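Note that chain A is present in both complexes that follow, paired respectively with chain B and with chain C.
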Partner chain A sequence: MDELKKKRLFDSAASPLIAILAALAVGAIVMLLTGTNPLYAYKEMFTKSFFKPYYLAETLVRSAPIMLSGVAAATVWRAGYINLGMQGQMCVGGLVAAVMAIYLPVHSLWGTALCILGGMAAATLIALIPTYLDYKFNASLIITTLMLNYAINHITNYFVAYPMRDTAGDGMAQQSVQIEQSLRFFRFSNKNAMNTSVFIAILVVILMYFVFTKTKFGYESKITGLNKNFANYGGIKSMKTMFQTMALSGALSGFAACIEIFGVRYRYVNSMFSSTGYAWTGLMAMLIAGYNPLLTLVYSIFLAGLNIGGTALQRTVGVPMQIADIIQCCITLFISVNFLYEFNKKRSGKCRKKVGKRWETGGVA
Partner chain B sequence: MNNLYLAAVINTTFRYTTPVLFAALGSLACTKCAVFNVALEGQMLAASFVAIVANYYTHNAFISLLAGVAAGAFVAWIVAVFQIKWKVRDMVVGTAMNLLVQSVTAFLMQAIFGSRGTVQGFGMVPLTKINLSFLKFSPFLYRMFEDLSTIDYLGYIVAVLIFIYFYKTVSGFHLLSVGINADAADSLGIKSQRIQIWAMVFSGILCGFGGVVHAMGNVTVFAENMTSGRGFIAMGAASMAQSHPLGAIASSLFFGTALSLSKTLQGYINSYFTEAIPYLCTVLAITIYGVVISTQRRKATIKM
Partner chain C sequence: MLVEMKQITKTYGPLVANNKLDLSLNKGEILAVVGENGAGKSTLMKILYGLETCDSGEILIDGKPVRFRSPHDAIANGIGMVQQHFMLFPTFTAAENIVYGHEPKKELIFFDRKDAASQVQALCKQYGMYIQPDIKVADCPVGLQQRIEILKVLYQGVNIIIFDEPSAVLTPQEVSELLKTLKELKNAGKSIILITHKLSEVMEVADRIMVMRLGQLIKTMKKEDTNIEELSFLMVGHKLETREIQKIEQGDAVLQVEHLTLSGTGTKNILDDISIHVRHGEIVGIAGVSGNGQSELIQCLTGIKKFDSGKVIINNTDVSNRSVQENRDSGCACVPEDRYFWGTASDATLLENSIMAHYHKKHMMRYGVLNRKNIKKFTNDMLAEFDVRYTSDKQAGKELSGGNVQKLIVAREISQHSPFLVAAEPTRGIDIGAIDFIHGKLLDKRNSGDGILLVSSELSEIFALSDRIYVMYEGRIAGEFSRAEATRDKVGLIMMGGKLNG
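This part shows the complex of A and B:
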């Protein structure tokens, strides 16, 4: 038994490592094709994402909305439902929070809290629309959530292009006016974007770990994800779980958007959540982490670092920054296969003839 | 609104229908043998991009078409290996593949053309246009079918061919049997896994056609993430048609209308809202479809 545990631990550590190395190899090949030295590029990429204080701060700040939207996705996916609409939920949450912060007479900490709650509530409501359509009319949650992303993105962009547009400055950028000073999250220094919101995001993610593993809700959603019929038989209402998880997912997405607005940008900018792709990076982080919030946190920081490093790479070496996205997608694809398992299966298939019964009883006999 | 304007709108509708129709046919070909293909979007985008690159180097519409279709099939083959051979969850491989194609095309666009955003011009040729001269007697009909490419007509023919293949041939019957029960089909000597992989590659070919038309049918252009959800719209179209090839024509025409409305209404309503129309239409259509289906089922159970 002990040996089995050790083997499992080894597998769970080794397969992400293999996937990451393979994805980096793919990235290296792509860079070689464009005529760049991959070793130099990777050195540049990793020093300018994790090993210099300024870039490390950037990475951590960028990872905050990613980890939150990743956990938001994990909440729904581990219950066996698919939410692809984190991006739209972030847009709505961010816009509503920004509108409240700009037009309501709110100040200081309580004002920020109120705006964030408003944003989260709006995002929750938006997340519940496709859920209701699925529950009542059997409309596929996958398609409706994804379609709403595009629709919401266009509609929220309207608000910063016309009614809320900041006409001061050069007037070219489609963005709202800035929110006032007292509503912003505290920044530790003027040199980088590091602020308190990152720690709040990390705390929320850790809290979600306990929600997933230690509460009735977490257990129910996990069982629903494993087997809906069994869950229903055991008295868990799978439809109720769908509504709960989607609401929580929407709230977390809204919170992720607020973190970005009150911590970094201080305003709503045209396509600020669709062009940055936080929701998709978060989705990949949680897929790599296998729905585990703590691992999602780790991988979010890693993927955010890749993005920051990729941006630096574009500036200094001239490799398009999408190289980071390519590596991220490759990690997700490679980790999904579990090559170790595939390899073992093939090998054990061959061994079975020699060893006979022993393989089937798991080595006990 | 005069008659010719209406004809122009219908013409636009046909243009927007084709990519959706092809992708919807690809989607239902997979659904029919119990494979859920989420990577339609990626297959289309890859085809669009490769077609434009081939066009840039060769200035030959036919070679670009072939290259685009091959790219769609290649992406589909990768997805098939992951999803069917290695049994990765469809949503995981589909989403990752869509994002991968999106980033690879954006990366290569900068590497090859040195530009972000859109690629246009460079003397690239569009697909061959057909004008039906026998319709000259009626300006309305002539305008309706003006300048449509061969592929636009091919879409409807392929839909009929797929219908014949599914319901009138033995190998089509085998494919349907895999969809009904893969284990039972396996026990009778049908290689279900191989059929599923081929269906996926076939859907890649169809999406390839869709992607090429999308990039080269009207204006020859490639833009970052230019398919913008059309793969998922097509998925909606296929599910509305209950995976019936001829039904897919009707549902694709509906989404084609929604897409062309979003362009033609731009003169009257703010473009930010019209851009949202096709997506909201998709949500609405799927919802209505769900209502219709559930009432049908209820009636069926009462009869039993």
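This part shows the complex of A and C:
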């Protein structure tokens, strides 16, 4: 049914659009209060994020780790489990890949590939720790993945603060030495940060769309997320799905980190994945996108643009870059109102199921 | 005339759910609205209760035209509805649930629990329906939950109560309680609209009967002027054949269960030393009041639940305590007892719901990638063969009516062409047309030489189909009858825990 499709498309696009517009309105009010012309500021902000080549390149480069960690989160969330540990998985993946790149005798393309695979494997293993705890001891995946982020961030920081610290120069920065030239992703010009990793990230996201919609794994995990009992009845093991999705999620997070390291920073820097908040922005993008990888890609670029534009705003208009944060937070807030509503609807349905009753609001319509 | 609905029309895209319907309700009467699934009964009631708005037509209450934008408006005009799926908070007490939304207050802000309990008690007394105000809803059996739901509606002070399929989820005893309640409400001056498939209930309580089919009003008549045969003819639109069960040769056992035991949390076993068998070309019924271990038995047979001891052999393969997949591989398919809890994912599309346990097959999947074209063909062919009414295979499962969801599940499981099928409550809460259709499919399967274990709390269904009948009581097989020796009285007695003499 074409009409049906149109209506669905409209429904899925309407609420994020409304949220974005409302958030921009809130941002405008804040700017008016501080005496800035919001129209001018927004023009600046969007020009200097999407409409000038240099800034567009920055935006796209920034969006790559965001979209990957977003898709990483979506992999698990759509199967009905909640992974909040993308940040920690990125830290481990990034650190291991950086260590391999710095200390192993690897060079050029195959070297990069090997380091990235190593980073992804490490991130996968880290993601499987909370999964195992959930499986074995029924420890809540939400809590363990979230808490591990903090522990892992400090542990990885230790390495760049002490054993791996780059003592050249003033030696003040807590960071590793740079990885060698041949291992880095190709940059198209030295005027901006645009490099091949962005395209690889986009390809991976598109591949994940294919995995979600066209494969056995995608089908099984989706059904598990929608109704575990139905999955179980049909022969899908929900625990196996949890392990599979968590492993894939870890691998994607690790890949996201490698993109940042081999494409932009070329080294591991203290708190590089916690202070930038890629994982959380990605999580937000995937929630707005309703777990759809292609939409996650779109929203990731948008949110990355807000970030880049916000920084530019601070430099040229003198509006603090926190205005971008305000807008971003408001989008999250407005979206999550809707999201929470949906979530509660589902959850209350589940509670009622426990006493043997189902609860529906609509029915046919 | 208390309520009048005139020329109500409602369309969903190309589907005309209600086509110029008229309904009238007098004070103090019970109006039954009967029709098959998808006849548009629920839509009509949703319009009356403010959950949907109609495209055209008008609603009059006491002769005054009204427009409802939400159930709030309907309740303010004295119309309440007891939903099929209860809207209760399981962790709250009965009284808390009943007064929810209109709580009595202490000092204007605090919830006055004592007053709530006493108000509820007064309400119970007034209508002769008894509940403990402080019992937790989670601890109540379904019948009691429904009573709480009814009291909740009464507490809102309505005069007109709509009951949407109230007996679909109840045990026979609970149904007779419910019918008593309906009569008492009528005597107390309430007007009632009763939506149901079950014609025997209609004939017992209704004053007038309105028959709908495919969105049209077929006829409204007094109960005295009609009978069950006429009603079912009007509902379905053609005569239902009474089925003859064909005699066929029965082969070896396809299901063999030996001494299956499942322990519970207490000292009593949930399943206690169950030994049953089903042969090729045989439908074996398991009769029993629901809650006597049938659900657990099905789960043990299909591999969902692990049991403590005993053996399950399906099609000569020992599948005791094996996984669901191994169970299915050995030749077992299952129509689960609850179509929404086990049988489908309401938010998944019809395609996704239809290929469950089929998608491993070669023509649907290769190297882990699903073959969309073949899946589409399989689904559409299957749904057409089983007469499932749908508009698009990308529709969500929840957009189908209950009967159509059930047909989809039966279609999916019969399409496995497995030598053994567990059919649990295959026709619960669906209309006679669909029941007849599903029964026909089950018999066809039997006649082709497959074995079926039919678990049903509906005795008429057991008697209509079974070659042999086991009766379950408190986790045991309390009796076994061949088709010839089984009578409703004997089976009914054992279902209730009685013993046959001699």
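Operating definition for what follows: the second predicted complex is superposed on the first by the 329 of 365 C-alpha atoms of A that agree within 3 Å, B and C clash if a C-alpha of one lies under 4 Å from a C-alpha of the other, contacts with A are read in each partner's own complex, and residues count from 1 in each chain.
The rule is short, and it goes like this: a residue touches a chain if its C-beta (ideal position, glycine included) is under 8 Å from a C-beta of that chain, and two chains touch if they have at least 3 such contacts.
Just so it is clear, the structure is predicted and the values come from calculations on it, not from any experiment.
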{"item": "Touched partner set for A:217, first chain B, second chain C, both or neither", "value": "second"}
{"item": "Partner chain(s) touched by A:207 [first = chain B, second = chain C, both, neither]", "value": "neither"}
{"item": "Partner chain in contact with A:283 - chain B first, chain C second, else both or neither", "value": "first"}
{"item": "Partner chain(s) touched by A:235 [first = chain B, second = chain C, both, neither]", "value": "second"}
{"item": "Between chain B and chain C, more extensive residue contact with chain A", "value": "B"}
{"item": "Which of chain B and chain C A:30 touches, first, second, both or neither", "value": "first"}
{"item": "Which of chain B and chain C A:226 touches, first, second, both or neither", "value": "second"}
{"item": "Residue numbers on chain A that touch chain C, as the complex places them", "value": "1, 3-5, 214-217, 219, 222-223, 226-227, 229-235, 237, 351-360, 362-365"}
{"item": "Touching residues on chain A, where the partner in the complex is chain B", "value": "30, 34, 77, 82, 84, 130, 133, 137-140, 142-144, 146-152, 154-155, 157-158, 161-162, 280, 283-284, 287, 320, 322-323, 325-326, 328-330, 332-333, 336-337, 342"}
{"item": "Chain A-touching residues of chain B, taken from the complex the two chains share", "value": "38, 82, 86, 88-89, 91-93, 95-97, 99-100, 102-104, 106-107, 110-111, 228-229, 232-233, 235-236, 239, 270, 272-273, 275-276, 279-280, 282-283, 286-291, 293-294"}
{"item": "Sites on chain C touched by chain A in the complex", "value": "12-13, 17, 42-43, 46, 51-52, 85-88, 90-91, 137-138, 142, 145, 169, 302, 304, 323-325, 327-328, 334, 336, 340-348, 352, 355-357, 359-360, 365, 368-370, 372, 391-392, 394-395, 398-399, 401"}
